[in-house]
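These are the structures in question, set out in turn.
Note that chain A is present in both complexes that follow, paired respectively with chain B and with chain C.
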Partner chain A sequence: MNLTFHNRAITGLLVVVPSHERKFVDEMANFNFPPARSLKLKQVMGYDTHRLVDGPVCASDLAGRGLRHLFKNRALQREDIDALVVVTQSPDYLMPPTSSIIQGCLGLKQDMFCMDISQGCAGFLMGLYQAFLLLDQPAIRKVVLVNVDVLSRRVSKQDRNSYPLIGDAASIAIVERSDDPSPIHASLKMDGSRSRALMIPAGGFKEPSTPETAVLEEDSEGNLRARDHLRMDGSAVFNFVQVEVPPMIEALLRTAGATREEVDYFLFHQPNRFMLQKLAEAMNVPEAKMPNNVVEHYGNSSGVTIPVAIAHNLRERLMTGTVRACLAGFGVGLTWASMLMKLGPLRFCDLIDFPETVC
Partner chain B sequence: MNGIECALQSIRPEFDFTTSTDFIGDGMLDSYDMVMLVAELDKSFGIRLAGRDIVPENFRSISTIEQLVGRYEKAA
Partner chain C sequence: MLTIESFYSELAAIMEVDEVLPESVLSEFIEWDSLTVLSVIAMVHKQHGLRLHASDLKGLETAQDLCRFIEDRRGN
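Let's look at the complex of A and B:
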């Protein structure tokens, strides 16, 4: 599905990462694999440091930390928020929505729109689509888009396939109308027939959590995880990304009448370094234009990796200048989405730590 | 030992890969070993195996890996 938007812009971006930092080399002993194999994997995949919440920290805690920071620094006023869109796969509760928790916790006005979107690695794109659509309403002038996940709490520490890459983070993007009429081209595809390739089997209504679903089971590759934990069919997901994403980007650029050379940055979701390197090769894009350094510094925080990539790599440039960016997210659903848009100049672009205090 | 056998040995030195024609089924290579093997083959043979070719079917035996690498060498 092709989408086009006009007069829309991200005007500010803040990323919140837990200050609690873990090193892959310190965790290797948890995995049922020889150290030499794990070290080789570290080198190829780019595992090094990841930021994880420590203790019972929730999505609303990370988001609340970021919003309070913006209020305190007068980068955002409570009364200016007309809509709060929260994209997460790790909500505080099954009900009520996390957006309502945040609204209440921060004392936001009642005359506003709050909604949650259950999305993962394509969640920044999905959230932007929704924010852009909300801005069609004259009453909505400022949308706060929160992407947040604390999925490390649902990943087995003995799962070498998922734990080394997982990271927790939140981002807050301010989305507003803009005077720039140049089109923002976007695309979206979804395939629910492959939805079980990435899932947490237990904990919902289909399979409620029980003592049995918390029991660790060993898979054919030697990983230990329970049905309460995230599980990923690594081969299927890798192949899905490599097969689906390059033609999606090619079609997006064709629709926009743009060439690869005219794009300053390809800011893609970052599951691991190898995945991004293979995508860059397939698309004939220089690695310098497709940053792949998020996993090694922070871990894979699902829908937050694109904002983390922006804040980590481009924050100074975007405070004064503009880049033409191709964004892409792919994962849970399965969902793959992309967007070609101008980024910057931003009123703020920062990355802050989450101290160990809760909402 | 040829280049492919060397690459396999560097990933899983505990196995004799000449004795199997189903590395995946015999538990000699898992999905992450395939990733590491691709990085090794890229380096050893000076090729860039496409991500879409990183599927179990291409890594079942020395013969299937040879066919895969051969296609890239020929294209180069």
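Let's look at the complex of A and C:
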């Protein structure tokens, strides 16, 4: 479906990544594959360094670190937060919502709207849609959109399909009304019939975690993972992205009356370099306009990768100027979403570390 | 248009060998793993406009089997 918004803007962006850098080359010995093949994988997919939490660090820890940083630097006042939207696939608890945990830990006011959204790789777009809608209410002036995932804790270290690319991170986007009436065009499609292509089978009510669901099983390629672990049908997901995303972007640009050349950056979810190169190729977009360097520096942190791509690549430009950006997220659900909007100038755009000990 | 020679040379490029013959057994290439399968899927889509799933390739033994499979799918 097509969505349109007016007078909405992102006014600040902060990304939090764990300080501990892990190297793919140090992890290769965990995989049941010849080192030469793993090195080839590294080269093609862009695996190199990824940032993962140490120990029992939760979504609320990463998000809390970011929000406290903003309070301390006077980039955000506690009492100004009218809504807190937390998008995560790795909540602290099944209940209560992680947004309530964060509200309580940080001493935010009671007169506010807290909500969680269960979304993954399209989560930045889904969170923005929700934030934009909340701003229809006059009582809501400032929405804090948190995207956060610590999925490395549910990925098997012996799963070469998923472990090399996973990353943990949080982002905080401040979303407000703006004076700019030019329309923000967006689109959203969902296909629950393919929902099992990306899932963590055990740990919910359908299949509670037991000692049996923690047992590692070997797949046909030699990867070891348990039912408690994230699993991905790699080629189904690859095909899904290559089939669905290019026509979605084409339709979005047509609706907006914009050409590819008028878009400064295509800021897409960052599954791995290979998939983004193939997308750029299929869409006839120069690689310079579609950053694909998030996985090699930080890993794929699900719904946080678009904010990471922005903070890592465009900080200087967005602190002073404006770019016309086409955002797209695709994954868990399956969900695919895109948006054409102006980004910048931002009041802040930073990337900070999360210390190794829980704060 | 699926030209047989170019298909085998594309396979050879993906597997980083000098030559792939019709009778070459896919699983005997050191490079034949999930990454190669993904590269083949991407190549087949780009060159031949056809979407394959990794499971499609499981039962195929030789390069010629793969070539025939693609031709059948395309209705040639």
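List of remarks:
Just so we're on the same page, the second predicted complex is superposed on the first by the 357 of 359 C-alpha atoms of A that agree within 3 Å, B and C clash if a C-alpha of one lies under 4 Å from a C-alpha of the other, contacts with A are read in each partner's own complex, and residues count from 1 in each chain.
One rule holds for everything that comes next: a residue touches a chain if its C-beta (ideal position, glycine included) is under 8 Å from a C-beta of that chain, and two chains touch if they have at least 3 such contacts.
Since the model is a prediction, treat every value here as computed from it, not as a measurement.
Touch criterion met: A:Asn161 reaches chain B and chain C at once. Touch criterion not met for A:Thr322: it reaches neither chain B nor chain C. In the superposition on chain A, no contact is made by A:Asn313 with either chain B or chain C.
Applying the stated contact rule after C-alpha superposition, one finds that A:Val241 touches chain B and leaves chain C untouched. Shared-chain residue A:Leu279: touches chain B; no touch with chain C. When both complexes are overlaid on chain A, the residue A:Glu221 reaches chain B and chain C alike.
Once the two complexes are overlaid on the shared chain, A:Val44 sits against chain B and chain C alike. In the superposition on chain A, A:Asn7 contacts neither chain B nor chain C. When the two complexes are laid over each other on chain A, chain A has residues 37, 40-41, 44-45, 160-161, 220-221, 234-235, 238-239, 242-243, 274, 278, 281 in contact with both chain B and chain C. Those residues of chain B that touch chain A in the shared complex are 11-12, 27, 30-36, 39, 48, 50-52, 54-56.
Interface of chain A with chain C (complex): residues 33-34, 36-37, 40-41, 44-45, 160-161, 220-221, 234-236, 238-239, 242-243, 274, 278, 281.
The part of chain C that touches chain A in the complex is made up of residues 30-31, 33-35, 37-39, 41-42, 45-46, 51-55, 58. Interface residues of chain A facing chain B in the complex, by the touch rule stated above, are 37, 40-41, 44-45, 160-161, 220-222, 234-235, 238-239, 241-243, 274-275, 278-279, 281-282.
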